[in-house]
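Each chain carries a letter (A, B, C and D) given by its place in the written order, and its residues are counted from 1.
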Amino acid sequence: MDAPPNDTKSCFSWERRVEFCETDAAGIVHFASLILYMEQAEHALLRSLGYSVAPSATRSSPAPSESSVTWPRVHVECDFHAPARFEDLLQIRVGIASLGSKSICYDHSIFLGKQLVATGKMTSVCCEVQSGHIASQNIPTEMRNALSRFLTN
Amino acid sequence: MDAPPNDTKSCFSWERRVEFCETDAAGIVHFASLILYMEQAEHALLRSLGYSVAPSATRSSPAPSESSVTWPRVHVECDFHAPARFEDLLQIRVGIASLGSKSICYDHSIFLGKQLVATGKMTSVCCEVQSGHIASQNIPTEMRNALSRFLTN
Amino acid sequence: MDAPPNDTKSCFSWERRVEFCETDAAGIVHFASLILYMEQAEHALLRSLGYSVAPSATRSSPAPSESSVTWPRVHVECDFHAPARFEDLLQIRVGIASLGSKSICYDHSIFLGKQLVATGKMTSVCCEVQSGHIASQNIPTEMRNALSRFLTN
Amino acid sequence: MDAPPNDTKSCFSWERRVEFCETDAAGIVHFASLILYMEQAEHALLRSLGYSVAPSATRSSPAPSESSVTWPRVHVECDFHAPARFEDLLQIRVGIASLGSKSICYDHSIFLGKQLVATGKMTSVCCEVQSGHIASQNIPTEMRNALSRFLTN
């Protein structure tokens, strides 16, 4: 799998340049930075739909779609296929592998040109924060409908 | 699984306090910091045996056991069970789930007291760096023998 | 100034090993990691007195001395004298250069053995968080008394 | 100083959105992330001129202007004026306050709309890396000429 898949119509695509502080003494991007890029691409996907992973109270300006839900991550897995280096401009693709009643499983792939750098899966759970306590809840219907356009299956 | 397992004789244990810069706007430690703690505990395990993940050329003082091998990570997976917060003193346990001819699969669990915070598995491949190129190689016999004391199976 | 000063009776001293993720492609610790070590040593100094930089609400267990104050940083300056590398065990010394009615100016120095790696000054302001708003306030008398033992002048 | 200065003809301007992992438990961007944005804007300024802070050997593709120089930082100072939060889109402006024979002193300011968030000064020294050793050297004439367009005085 050394080339981007042909059918990417349901993927969200986001670009990120590798910063110097994200490299390590092996001369390549540190693996945890690649995981952070995957998280950041998820946030960009939500932002593209008018949503934010953070409750409005923590933001300078409210999300277009006001929301009190937050999305703690319960599972992460990644495979690292090729190194990326300082100043490489990476393309991060995110799709939604499955949409549960309370959770989202995202699928990620990171490319440097046609070279596959890393793949990942991450699961987040829809939660409401009330008075400092956190409890899972159903994904709001409107948000579920918006998210479904990124379903990869 | 809310208490540390009884039999930890083959695990390496390491402590890490959550720093403020490692928390996020949700008020808890960011998941990627937990992944970094797992990596750091691996490095502490290797250090306890006189080894380092980094070739000697990149260090101020050579590792007790001189080495030109490095250990790029090819797979990471983590589950997050409970939040940790600023100044929590976490216990990170690392064991070796399997020791291949060229790779190590580590098993991690992070506890806050008796509370399981996160579990993880990470696979690293033994590589040699020569003139800027990297190639996998067999784990040196002496190192394999030293590592086998942390086999969990 | 290539050796630790003789008189360190009023300094708080804290140790930190350089982690792999804190190095960069130049093969040395990234300068921002040294700045984070200085911040972390400040937090350790406060902890040694029973205080925390974070309001109790954000912590798993309350600080021994219950507190609703927080300490946003308003000024940072650092000079970098020598590189540090992966696995170096650094000694970070923190003293208090001046203690205003509402602010603290810390003095930092980082040593690798007798080699001075970095020096810094950081100013934090005592603030109270109420209903999401933040306002400066006088440092509580008891805390000021406790802090005065680390005054370097 | 709550509005961007009128005369910004000699500044390089770069945008950066605050990521979730860059916030802390106080609900705002961690101060060290603002310092990293300043460094990243410097690298973007150099990139706009066809230069890179990293020797070509550590990059996937060589810089348009081949170079073996690197730029260790010897001094950083920052003042923090107002908080920034998750998803804020910040404008980072960089100019060159002075251009020595071997060093550059950059001037930074970070804005959120018209609100000044932080200001900074950072000094880097031109160095050559040879066989793992690092030595200061004169800034190459061609590079000095290119940099002079960002002189703020």
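One rule holds in what follows: a residue touches a chain if its C-beta (ideal position, glycine included) is under 8 Å from a C-beta of that chain, and two chains touch if they have at least 3 such contacts.
Computed from a predicted structure; not experimentally measured.
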| item | value |
| --- | --- |
| Chain pair with the higher count of C-beta pairs in contact (A-D, A-C) | A-D |
| Repeat of the B-D interface, chosen from C-D, A-C or A-B (over half of contact pairs identical by residue number) | A-C |
| Rounded Å distance between subunit A and subunit B, as computed from the means of their C-alpha atoms | 25 |
| Whole-Å separation of chain centres (CA-atom averages), subunit A against subunit D | 27 |
| Chain centre separation in whole Å, for subunit C relative to subunit A (CA means) | 34 |
| Multi-partner residues of subunit C (at least 2 other chains) | 20-21, 23, 25, 27, 32, 36, 39, 54, 57-58, 85-86 |
| Subunit B - residues contacting subunit D, complex | 20-21, 23-25, 27-28, 30, 32, 57, 85-86, 132 |
| In the complex, subunit A residues that touch subunit B | 25-26, 31-32, 35-36, 39, 54, 58, 70, 72-80, 83, 129, 132 |
| Interfacial residue positions of subunit D with respect to subunit A in the complex | 19-21, 23, 27, 36, 39-40, 43, 47, 52-54, 57-60, 84-88, 112 |
